[in-house]
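Sharing a structure, written as structure tokens. Questions coming.
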């Protein structure tokens, strides 16, 4: 059994004039799904493109399926199913032509699977690409990515242009691929709902840095929203809260150490002075972005 | 790489056919004989065919974000650029061979025939270098920036003969005499070898250019 | 409309500036280096160049628009199609007028003898008129068939610009000097032709508007 991670980034660096991507460390185990969340311009697409060797990194170590994207670009692309942010195809060609053309490049192309996915996504084979909507193009890109028996899927904002029904279908398809065939998935998105539904591990990318990367369950256990009455929490605990807000009769904030502070909260919760809520990924992202800004 | 070549061959074929028709038209108008007009137009077309093919194809790629599409497939940059360079080489060689063959069929004065062969070959080799530079420009600067520079180049190009006439005080007759002199002693094989070497160098440079 | 005129200015100004550099060289050359009052060779070569210069400006401008999805952006802004077309046609007209006037200025400063100056002026105006036709026609082509086809045709035009004069010189005009060629051309009713070209140019504006409105998806690039 292979234990090597499908994705490993160490000290990855990419410098632009006004932006610097700097990922200390990021790993993804076989069969897992990693969600990369970040605001616009955080470096998600840059990271994904570096993995596909579409952009050259300035420094650091990158391994995809144990291979170096610079040296083994072709082999990586053979074994990876990729869907870019804005899928590009030749507009004057038909869906059928595109499928046939792409099939020529892959060793393990499965025509039946491709046809089945086209039917499932209701994409007409005879339609020209320029006649397809943005969502249809994304679906075609997904169908192509899922038809060559890839071991690892790299998807950059794949659900952005899709309607809720197809979005759910795509997510279920990816989940099934991961669970049934032990495929790994890296999905970048700012639609946190999708990541929350799909990912095992979540990495938050803010201003080019991974500010949080943990298992989804651990994040859910540690990150909580606290509503409290004035004076119900000690000064240190209050100071450690993110996104503090004052409401008419109470205050609120987000903690990232709920398990650690659990005991402190027990009594006030019983007294009704503190209320603990689950927090969604959007709130965590906002808290992290605010945290980054306040750190300068 | 062969699949990309196959895909781009249609564009090249279309341009090839158009240029071939144009040259044939000139030939028919000249009474199907080797005249100065047919030789010069033939040479000019061999020189411009690769560049025209590249510009039409690159405009198509730009419109469809073709390189983004190709980059998502299991292909290296070396293969993508290689396909372009091989296609242009094939187009240039094929067109030059067709034209030289046609000239030989038409026949005529042996001296003029050998001169025309040398001239066509020279234009073909020049066109190849020009095409290599154009590809380097497009891959290095991007199509839009390249096109603006290319058009500026052509805005100035029309004045080059005038500058030559004014600065070096040489007229069309002197230029023709110079060309004839150079063509008579033209060493085809060494010239082709040098040009192919430069072309390969341009290919390597283009393939190594920074991505993004 | 003037905001759009300003927005569309870059490429046209760029090529005008490039041409201005060449004109400065020629003013220097014909007055100081080689002051020959009988030589109209430079008039013969320079004047037709206005056509290519305007086509090149349109080509460069439309490429930038196409790349930046300029028509998409304009479609989302509160801008009327007529303003877009007027701004584009304004630049064709302005560039043509400036280049034609610049050329006539150069000829006026040149040591050409007085009798030749009139011919040079007429010859230049003739090509200025043709440029308006080609410029307006280019936009009709772009709005009807899209930028891609315009680009292909412009490329063929470029090849013809390079090959055409050589062809004509080698076959039809074998023994004619540039002066004789200019005299022959100016025997045509050039003033009438220029006015006709200008009238057609003005008619092309509503035609372009009609095409742009009926082929929106093409002009959006």
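Lettered A, B and C in written order, each chain numbered from 1.
The rule we apply is simple: contacts are C-beta pairs under 8 Å (C-beta built on N, C-alpha and C of every residue); 3 or more make two chains touch, one makes a residue touch a chain.
Given the structure is predicted, the values throughout are model-derived calculations rather than measurements.
Common neighbours of chain B and chain C, by the contact definition above: there are none.
Comparing per-chain C-alpha centres with the mean over every protein C-alpha atom, the closest match is chain B. Centroid distances from chain C, each centroid being the mean of CA atoms, peak for A.
In terms of their C-alpha centroids, the spacing between chain B and chain C amounts to 27 Å.
One inter-chain figure worth recording: chain A and chain C are separated by 53 Å, centre to centre, where each centre is the mean of the chain's CA atoms. Chain A and chain B have CA centres that are 47 Å apart.
Each of the following residues of chain B touches two or more other chains: 60, 63. The touching residues of chain B, counted against chain C in their complex, run 18, 26, 29-30, 35-37, 40-41, 44-45, 48, 52, 55-56, 59-60, 62-63, 143-144, 147-148, 151-152, 154-159, 161-162, 165-166. Contacts from chain A toward chain B in the complex involve residues 49, 52-56, 73-75, 77-78, 82, 84, 86, 88-92, 101-102, 104-106. Chain B makes touch with chain A in their complex at residues 3, 7, 60, 63-66, 68-69, 71-77, 79, 210-212. Residue ranges of chain C in contact with chain B, taken from their complex: 11, 14-15, 18-19, 22, 29, 33-34, 41-42, 45, 49, 52-53, 56, 59-60, 63-64, 66-67, 148, 151-152, 155-156, 158-159, 161-163, 166-167, 170-171.
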